[in-house]
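Chain nomenclature is as follows: A, B, C and D, assigned in order of appearance, with residue numbering initiated at 1 for each chain independently.
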Amino acid sequence: MAEEDSEAIGLTKGRLEALSDGIFAFAMTLLVLGLSIPEKTTLVQSDAYALQLLFSLRPDFFHYVLAFLILGAFWIGHHIELNSVRGIDRTFVWINLLTLLFVALLPFSTSFSGDLSDVPVGAMVFEANLLSIGMGMFCQWQYATKDHRLTSPSLKPAYIRKVSTRTLIVPGVSVLCILVALTGSTWSTALYMTLPFVGYAVGRRET
Amino acid sequence: MAEEDSEAIGLTKGRLEALSDGIFAFAMTLLVLGLSIPEKTTLVQSDAYALQLLFSLRPDFFHYVLAFLILGAFWIGHHIELNSVRGIDRTFVWINLLTLLFVALLPFSTSFSGDLSDVPVGAMVFEANLLSIGMGMFCQWQYATKDHRLTSPSLKPAYIRKVSTRTLIVPGVSVLCILVALTGSTWSTALYMTLPFVGYAVGRRET
Amino acid sequence: MAEEDSEAIGLTKGRLEALSDGIFAFAMTLLVLGLSIPEKTTLVQSDAYALQLLFSLRPDFFHYVLAFLILGAFWIGHHIELNSVRGIDRTFVWINLLTLLFVALLPFSTSFSGDLSDVPVGAMVFEANLLSIGMGMFCQWQYATKDHRLTSPSLKPAYIRKVSTRTLIVPGVSVLCILVALTGSTWSTALYMTLPFVGYAVGRRET
Amino acid sequence: MAEEDSEAIGLTKGRLEALSDGIFAFAMTLLVLGLSIPEKTTLVQSDAYALQLLFSLRPDFFHYVLAFLILGAFWIGHHIELNSVRGIDRTFVWINLLTLLFVALLPFSTSFSGDLSDVPVGAMVFEANLLSIGMGMFCQWQYATKDHRLTSPSLKPAYIRKVSTRTLIVPGVSVLCILVALTGSTWSTALYMTLPFVGYAVGRRET
C-alpha cells in the first residue's frame, strides 16, 4: 500500500488525534464497568452489607485508579509524540491502531486483575497490557523519528532521546512488575505507584 | 517535571477540553446502565409485571436524573473555568485528570446508591463522589487563578471570587447531604433538588 | 442566573454541539447492549440453537434498528435547529441538557421494550421516551425562535413554522402509538415504520 | 425530502465525520465487552484457573482483534471516501447512518461469534455484519461519485475505480467466508487474516 500518495490516504493528523482521543476517553470511562455490583435481587439492604460490599471492591478500586491515571499519562504521551509529527503515513496509522487496540483492551485487563487479585496471573495480564501499550507508543515514536521520517529535520536529537526515555518508563516498570509476579507475589501492581517518582527522577537527570 | 517547557508538553487547552467533553458525554450516557433490567429469561410478560418493574426502578430513575443534571452543571462549570484559562501546564492537566477520574466513577456510584437506596451508606457513596468532583473543580480554579498563574492578569478578582463561590455550591450541598445521611436518614440525596434554588439565590446575592 | 452576561457562561454553540454529538453517538452505539446474549456457560454450541437464539432476538433487532434510525433523524433535526441559532444562553443549554437526558435514556427504553415485547406497557415506555425527546426538541426550537430570541431577525417565519412542523412528526406518531398501545395492541411500535412516508408527505405539502 | 435546499439540512461534512468518528471509536472500544469474565462470586482464585479462563477466551480474543482491525480499516476507508466528497445531501447522510447502524452492531456480532465459535452460524453472523458495513461503504461511494454528484468534476475516473475496488475487498472476502461456513467449517473467519495480503496485492496491480 506504500505506493499510494499521502493525499490519497485522506488521513490527517487531526483526524487520527480525534479517533485516539475518543478511544482514550471511552476506555478511561469504561474502566468503571470493572466495579461490578451484584445483581439487584441478591443485594441485602443494610449499612453493614453496603460497607462490606465496598470493602470487597478494594482491589477493583485500586486497579481502576491505577489504570485511569496511567491511561491519562499515556494520553499525555500520545500528544507529546503527535506534537512533533508533521504528517502521517499508512504505516504510522497502523502502528497507532495497534496501540489503540491495547488501549481499548485495558478495561478487560483491569477488570480481570481486579477480580483475580489473589493470584499472580491476574496481575500479569494487567501488566502485560500496559507493557503492550507502552511498546506501541515507543515503536510509533521510533518509526516517526527514524531519519526524521515524519518529523521536522530541526527536531533536536536530544529531545528525541528524551521522549524515547520517557516512553520507556511504563514498559520498564511493567517488566519489573511481571518479574515480581513471576516469583509468586500478588502485590506486583503496587509497583506502579512509584511511577510519579520515577518520572520525576528521569526529569531531574535530564536537566 | 516542572522543568519542561510548555511547548514540550504538547497539550493545548483545546485537546484537554476535547478529552473532558468526551469523558463527560460518555459518563452521562453510561449512567443509563444503572437502570438494569433482569435477565430476559426471568422476565414475566405481563403488563402488571412491567409496571411493577418500572416502579421498582424508581430510586434508579431518581438517581439517574439527578446524576445526569448535576454532571451537566459540572460540565457547564468546567467550561466557565476553561474559558478564563489562557494556557495549561502539567499540574493543571493532572488536577483535571483526577477530577475526570471521579466524573468517570459516577456511573458506579449512581448505580450503587440506586440499588442500595434503603441504606444511608448507599447515598453517601453518591454524595462523596459529587463532593470529590466539586472539590476537583474548585482546586483547578484555585490553581489556575492563584497569582493569575494561568489566567489573564486583567481577570477581575470579583469574577474569580464569583466562580469560586459557584464551584462550592455542589460540594456544600454534598457535605450537608452526608451529614443528614450520617443521622441515619435514607432520603439525603433529595437535598440535591434544592440546587436550582441555591444557584438562583447565589446568583441574586452577587448582583 | 439570567443576570449573568453571555460571555461569563463560557458556552459556545460549538461546545454544545460537541457534547450533543457525543451523547447522540454514544447512545446510538449503546443501543446494541439491548441485544443480550445469554451467559456463555449456558450456551449450547449447535447451529439450531444459534439460529433459535437469533430468532428469539427478533423484537430486540427490530427495536434496535428503529431506535438507531429515529435517533439519527433527531440528530439531523438537532443540527437543523442549531444551524439557525446564533448564540446560546443558559436556559437554552438547560432545555438541551434535558433533551439529551432522554436521548441517553433511550438504550434503556429500547432494551426494555425489546425484552417485554409481548405487553403494551413495554412498547409504551419506548414511545413515551421518543415523545419526550421530540417535545424537548420542539421546546428548544420554540424558545430559540420566540421573538427571534436566539436566531437571526432575517429568519423567515415560514421556515420557522416548517421546522416546527417537522419537529412534531415523531411526537405526533408517538402519541398515536401510545393510543394504539392503550387499546391493548402489542404491535404499536410498528407505526414508526410510517415515518419516512409521513416525512415525505409533510415535505411535499410544504412546497 | 429532496426538495429541501442543502442549507436547510444544516449538515456539513465536518459534523457527519464527527458523528462517524464517535461511533467508530465507541464501537471499537465496546468490542471489549465481548471478553466477558464470569460473575465474581463464581471465580476461583488460582493461577491454574486464571490461565484456563484466559485460554477459554481464545476465540473471543481472536474475534476482538479481527473486529478491531477491520473496523480500523473501514474507518480509514471512510475518510478516504469523505476526503473526495465536497458537500453532502440528505440521501448521502441516510446511507451513512445505515452503514453506521451496522458498525454499531459489530460489538454484538463479535461477541456472538466469539461465544458460539464452534458452530458455523456463529461465524456467519459476524461475516454478514462485515459484509453489510462494506456494502454500505460501497453504496456511499457509488452514490457520491455517480455523475460527480457530490465530488469534484476533476476527480479522475481511475481513482474512483480504485477506491471502488478497495471498498469491495472486505465484502469479497466476507462472501468467501460465508460460502466456506456454509460447507460446515467453523474456522471461516480465519480467512480475514488474508486481508493484508489481498490489500497489498490489489495495491500492486493498480500501479
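Just so it is clear, contacts are C-beta pairs under 8 Å (C-beta built on N, C-alpha and C of every residue); 3 or more make two chains touch, one makes a residue touch a chain.
Given the structure is predicted, the values throughout are model-derived calculations rather than measurements.
> Rounding to the nearest 5 degrees, give the angle of the rotation that lays the CA atoms of subunit A over those of subunit B.
The C-alpha superposition of subunit A onto subunit B needs 90 degrees.
> Compared with subunit A, which chain's mean CA position is the farthest off?
C
> Under the over-half criterion for shared residue numbers, do copies subunit C and subunit D use the same patch or different patches to meet?
Subunit C vs subunit D: different; shared/all numbers falls short of half.
> How big is the gap, in whole Å, between where the Cα atoms of subunit B centre and where those of subunit C centre?
For subunit B versus subunit C, the centre distance works out to 25 Å.
> Averaging only over C-alpha atoms, locate the centres of subunit B and subunit D and give their separation in whole Å.
Measuring from centre to centre gives 35 Å for this pair.
> Where in subunit C do residues touch two or more of the other chains?
Answer for subunit C, listing residues that touch two or more other chains: 18, 22, 26, 30, 33.
> What are all the touching pairs of chains?
Touch list across chains, by label: A-B, A-D, B-C, C-D.
> Which stretch or stretches of subunit A touch subunit D in the complex?
Residue positions touching the partner: 1, 3-4, 8-11, 15, 18-19, 22-23, 26-27, 30, 33, 36, 38, 93-94, 97-98, 100-101, 104-105, 107-108, 111-112, 115-116, 118-122, 125.
> Using the touch definition from the top, list the residues of subunit B that touch subunit C in their complex.
17-18, 21-22, 24-26, 28-33, 35, 37, 39-41, 43, 45-47, 49-51, 53-54, 64-65, 68-69, 72, 75-76, 79-84, 159, 199-200, 203-204, 206-207
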